[in-house]
Amino acid sequence: MRVGLLTGGGDVPGLNAAIRAVVKRGEGEHGHSIVGFRNGWRGVVDGDVLPLTRQHIRNVLPVGGTLLGTARYHPRAEDGGIDAVLATLEQERIEALICIGGDGTLHAASVVAEAGVRIVAIPKTIDNDVFGTDQSIGFDTAVWIATEAIDRLHTTAESHNRVMVVEVMGHHAGWIAVTAGIAGGAEVVLTPEEPFDIEKIVKYLKHRHRSHASFSIVVVAEGAVPAEGSDMPYLPPVGKFGEIVAGAIGERVKMEIEQRTGFDARLTVLGHVQRGGTPTPVDRILGSRFGVAAIDAITRGESNVMTALRGEDIKLVPLPEIAGKIKHVPADLLEVARALA
Amino acid sequence: MRVGLLTGGGDVPGLNAAIRAVVKRGEGEHGHSIVGFRNGWRGVVDGDVLPLTRQHIRNVLPVGGTLLGTARYHPRAEDGGIDAVLATLEQERIEALICIGGDGTLHAASVVAEAGVRIVAIPKTIDNDVFGTDQSIGFDTAVWIATEAIDRLHTTAESHNRVMVVEVMGHHAGWIAVTAGIAGGAEVVLTPEEPFDIEKIVKYLKHRHRSHASFSIVVVAEGAVPAEGSDMPYLPPVGKFGEIVAGAIGERVKMEIEQRTGFDARLTVLGHVQRGGTPTPVDRILGSRFGVAAIDAITRGESNVMTALRGEDIKLVPLPEIAGKIKHVPADLLEVARALA
Amino acid sequence: MRVGLLTGGGDVPGLNAAIRAVVKRGEGEHGHSIVGFRNGWRGVVDGDVLPLTRQHIRNVLPVGGTLLGTARYHPRAEDGGIDAVLATLEQERIEALICIGGDGTLHAASVVAEAGVRIVAIPKTIDNDVFGTDQSIGFDTAVWIATEAIDRLHTTAESHNRVMVVEVMGHHAGWIAVTAGIAGGAEVVLTPEEPFDIEKIVKYLKHRHRSHASFSIVVVAEGAVPAEGSDMPYLPPVGKFGEIVAGAIGERVKMEIEQRTGFDARLTVLGHVQRGGTPTPVDRILGSRFGVAAIDAITRGESNVMTALRGEDIKLVPLPEIAGKIKHVPADLLEVARALA
Amino acid sequence: MRVGLLTGGGDVPGLNAAIRAVVKRGEGEHGHSIVGFRNGWRGVVDGDVLPLTRQHIRNVLPVGGTLLGTARYHPRAEDGGIDAVLATLEQERIEALICIGGDGTLHAASVVAEAGVRIVAIPKTIDNDVFGTDQSIGFDTAVWIATEAIDRLHTTAESHNRVMVVEVMGHHAGWIAVTAGIAGGAEVVLTPEEPFDIEKIVKYLKHRHRSHASFSIVVVAEGAVPAEGSDMPYLPPVGKFGEIVAGAIGERVKMEIEQRTGFDARLTVLGHVQRGGTPTPVDRILGSRFGVAAIDAITRGESNVMTALRGEDIKLVPLPEIAGKIKHVPADLLEVARALA
C-alpha cells in the first residue's frame, strides 16, 4: 500500500517523531511505501513528493521542525485545490493519506476525506486548542520554553523591581499562558477565555508592590482581550493569515500598567522561539504514539478520523465531530492559576 | 483550621510546587494555618514541626527536592508509631493531614486515616507506578533527565560503534525505561513488565549491526529480570529498604551483551541525578494542581482519599482502592517502544 | 575590617556567585564583616544596608540576578552624590568597598576611589565590552541563551523557508552577535564594529536562496548601524538611560530584507531573557574567582583596581587605565563569523 | 590542494564544529578538496576515506560526537603503521593532514609530521590537560554537564541529609572536578594534582554536619589518589587502553566516608554522558576557530604545529614542545575551590 504523508500549518517540535513513527511502523510492520509531500497541502497540489524510507528518518527524533517542510496553504473546492489533490493522489497511486496539522489542516483533511480519500489526521498545535484530544503535538515543548523564559525573567524582575510582561502564543485559547503562568509562578495571567479588566489588574499590582513584593510577572496570551465595558478599548490587529500580530496586546498591556501604576515595566515577546528546537520527551512520545496509531488505523481501513490522547490512551475521533470547535482552558485550571498568583 | 503537611519517601522534583500550593491556597482562600513536619512521618512521630507561611515558599517553585526534608520511615501500630502520630497531632492541634508520598507513605496514610485522622494524600514517585492516577509528581522530570542522557549517549555511541547500556529507575514498573526509550530512540528496552530473553536481544543486536548500524542503545529498568527458562539466571540484589541495588542488572546485561556479541559495550547508571534539579513545567503544574485539590478536599471534609490525574481532570480516589496495587506500563506503550526500535 | 559590597547597572547571571565568594572568603579566610548595599550606588547614597553572612548566601550559586538588587543610578560630585557616599561609608564604618558593575559602575568606582575610598571593582556586563579583561560576568550565559534561541529558530526557519532576524544585546560592541552567530551557524551577523551595507546583505541572501538553501538566520546586535553612504538611512532611537531601544534596528533590518528580497522574514527580539536565569558554569566560576581575588586584593590594601581575566589568570588592572575604553570584537573573530556563514 | 582530516581518541562535543569549519573555509576561501578519514588513524591506515563537501556538514554544528567516527588506535613505526599511513596519503594524493585529537592523536601526528607529512593538529579532550592551550574542544561541555548533575544532586542531598559522591572524568588532571566543583558549590574536590588524606576529609565533613549542614557534595576526579602515608591504601585499576576504570575511586571514597562518618552516602558516576550531546557555544566557537586556523595554517605551509587558545587569541604551538607534557590545574584555581567549600 502506498501511503501519503504531509505536515501542514505552523511547524512545531515533535513533527519529525510522528513522521519517523509512520515510516518505521508503516514499512516495518505493514510493508507499506510511505510517500512524503513537501510543504503541506501545497506539495499535494503541486505533486512535490519525497519518497520516505528508513534512511530519511535517521537521527530526526531530537530535531525540531519538520523534514517535509510545511506551509499555511489549504486546498479548496472553489479554486480547484481539491481536484488537484485528487489528481496528484491518483497519479502517485496513493491509497491513503496521513495529515499532521492544526485547525486548518484538519479541516482540509475532512473535506478531502469527504471527496473519497482515505485519511487519518494527527493533531499538532502550539496553542493546544484542537478539540477532542487532551493534548496536541508541540504544546508541551512550547510550555517548556515559555516556562524557562519566565524563570529567567523572574530573577531580572526581582533584581530591578520591575513588572515584566511576557506575551506568549495562544490565539483562541490561553493554554500556554495558563500552564506556563502556573509553572513559572506568574502573578497575573491574561487569556482569551477571560476578558480582563485592566483596572483590577492595576489595583492588584499596586497592592502587591505596596505590601510585600517589588516585582511582578504578567503573562499575556496573544489572543487576550479586554472585557467589554472596561476602560481599555482594544481591537487586536490581524495579519494576512488571520493570525494575531505578535507583540500587539503585550505592548498595550505593558503601556497601560506603566502609565496607571508608575512602575517600571518591560515587555518580552517570546514569538517564534516557542516553536523551535528539540522537542521535549512528552512531544516525542506523543508524536511517536500518534504516528503508530495513525498508520495502524489507515491499515485497518479507518478514514476521516483523528488520533487523540484521552487520559493514558490513544483513541480515534471522527474529524467532523471536532470541526469548528475550540478546546478552551477549563475553569479549574484557570482557578489554579489565580489561586497561586 | 490547622492542617499538617509532610513529604515522605524518596525526594522528587515538584514536591515544593505542591507544598507551595497547599500553603498559598490554604492560607489565602481558606484561612488555614499550615504546619509542616520535617523528614516525613519521622517528623510527625518526633513532633518536629515547621510552621509554614507565605514567607517559606518564596522562590521554591523551580527548586527540586523538598523544603520539608523527607525520610523513608513509616509508622506502624506494632512499634507504637501510630500512637506517636496521634499524640503529636493532638498536641499540635492538627485537625487534618496532607501526605505527599509514594507507595509506603500512601499506605501509612491510609492506616493513620483509619485510626481516625482526616487525611488527603498526594501521589509522587519517579517510578510512576502509583495506581489510580495517570501520573505522579516527579515522573515527567525523571523522563526528561533520562531522555537527555540517552541523547548524549547517542552521539558518543555512534562515534565509537558501541552498545551503550543505560540503567534507569523503575523497580516494579518500567515507565521511565519505556518512555525515555521511545523519546531517545532506544533499540532495546527492558522492563519488569516483560521478562527478557538475552539470546533474543543478542540476536537482534547482531542482526542490526550486520545490516545497517554500528551502534545501539539499550535501556534497562533497574527492576528488569530475565525470563524464566532463559539461559541467564539472575537474582536482583536488594538493599536495606527493599530497593534494588543500583547498577546490578545494568552491569549484568552489559557483560552478557559484550560476551555474546563481541561488541564494545559500556554501562551508564543514571542513579540519583534522575531525582534532582529543577522540575519540568509538567511536574510544577501537577504539583500545583494536586496541592490546590488536596487542601480544597480537606476543607470540604474528605478523608482517606488521594488526588489523581485522570485525563485533563483532577479527581479524588479512595486510598483503600489503590492499596497494594501497581500501575504497570500498558501493552500499547510497550508495543510503540518495540515498533520504533 | 568592614567591607562594603554593591552590584550596579543591569543585572546579569553570575552576580550571586561573586557576592557569595566575597562573603565566604572575606569571613572565612580574612575575618572581615561584609556589608551589602541594596540597589547599587543608590543604596550607598541612601544608607540602605544589608549585613551579609554565610546565611544569606546559601543556595544562591545557581540563582540568576543579584540578591542585593541593583539600579542604574551613579553618584556624581555635582549633585552631592559623592559626598553622600562618603557620609554613609563613614557612618557605617566601611573601610573598603567592592563594586560589581559595568561601565557606569566602574566609572563611579574610580571617582569614589579618587575621593579617598579603598575600592576594588569586578566587571560584569552582558555586552562583554569592558576593557582590560578577556571576559566579564554574565557574557557567557547570554551567549548560551542567544545560541539556544538561534538553534530553535533554525528548525522553524528551515520548515517554513524563512529569513529569521534575531536581535541580541550589544550596544557598543557585537560580542553576543558574533559569538552566538558563530555558535548558531548564522548566515549574516551585524555588529557595531562593522557598519553594514543592506544591499550587499540582500544580494548575498538572494544568491544563497537561489543556489542551495531556502532559509537564513540574520543576527543583529542592537547597536548595529548601516554604513554611511549606504541607501538605508538610520538613526538608532535611544531611551532615557542612553540605552538603545530594543527591537528598533531588528525591525528595520527585517523590513528592508522583506521588501528588497520578497522573502518571508520574521523578527525575534531576545531582550531581557538574555539577562536571566541560572548562570552557566563559566559565569559561576568567573564570579567566584573575581570575588575571591577582589576580597584578597582589598585585604592587601589595593585600591582603584579591577579584577580581570587574562588567559587562565586573574589579574588586577588600574581602573583609570580602562576608563572610557570599549573592548571591541577583534578582526579575527569577525572573520571566523564571515568565513563560516 | 587535497587536505586529509581525521578525528582520533575519545569523542567529545565540538568535533563537528571543527570539521565543518575546515570544510567551509577550506573549500570556500582556499579552494581545497577535503578528504575525511573514518575512525581516526585506523581509517588512514586502512584507506577508509569519505570525501567531505558542504553537503556533509549541513546541520552538524549543534550535533555532538564526530561525523567521521573515531577510534583509539595510533600508528607506530614498529608495526608498520607509519608506512601504511604514508602509503594511503600517497595513493589518495593527500598533501597535508589535519588531525583533531588528544594526547595520543597529537603524539602520532608529531611522529607522522617528522616522517615528512605536512600536519596541523587541533587539541580536543574532555580532561583539558593538553599542554600549550588554555582550553581544548569538549572541556566546556563536560563542565556544563557535570555542573548540571551536581545541581541536581544538591537538592536530593539536602532533602535526604546525605553525602553525595560524584565521580567525574580527569585521569591525569582534575580540571572537570575543580571547575564543576566550584560551579556546583561542592564541599570537597579530589584531584590528581593533590593526593588526599581521607581522615582530613572525614574530619571536615563531621565538623560541617555537626555545626550547620546536614548534607555534602564530594566531587572526585577519576584519577584522584590518596596521599602516600595516609591510611587508605589504593591502586587505581586500569583498563586495556590505560584508562582508569570508571567508578573505582568514587566507590572507594564513598565507602570510606560511610564507614568513617556513619553518614548515609551515595555514589554517582557520570561516565559517558560527560562526552555527549549538543556542544555548548564555547565548544562550538572553539571548534570553529581552531578549524579555520588549522586550514589557514596548512595553506600557509605550516607543519608539526597545533592550534592553541591563548587568552583571546588563537596561536600555533610546535607539537614537539608540548609532547609528553600535562597541563595541570593551577594552584590559584585549587585555592578558589577550597576557599568556597
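Quick notes on this one:
Lettered A, B, C and D in written order, each chain numbered from 1.
Note that a residue touches a chain if its C-beta (ideal position, glycine included) is under 8 Å from a C-beta of that chain, and two chains touch if they have at least 3 such contacts.
Every value quoted in this text rests on a predicted model; they were computed, and no experiment measured them.
Taking the options C-D, A-B or A-C in turn, the interface that duplicates B-D in more than half of its contact pairs by residue number is A-C.
Seen from the Cα centre of chain B, the chain whose own Cα centre is farthest off is C. Centroids of chain A and chain B (each the mean of its C-alpha atoms) stand 29 Å apart.
Put simply, the C-alpha centre of chain A and that of chain C have 34 angstrom between them.
Averaging Cα coordinates per chain places chain B and chain C 41 Å apart. Annotation for chain B: residues touching 2 or more other chains are 63, 151. Across the complex, chain A meets chain C through its residues 10-11, 13, 15, 39, 63-66, 69-71, 145, 148-149, 151-156, 158-161, 164, 266-269, 271-273, 275-277.
By the touch rule above, chain C contacts chain D in their complex via residues 20-21, 24-25, 28-29, 54, 61-62, 134, 140, 143-144, 147, 151, 179-180, 182-185, 212, 278, 280-282, 284-285, 288-289, 292, 310-314, 330, 332-333, 335-336, 339-340.
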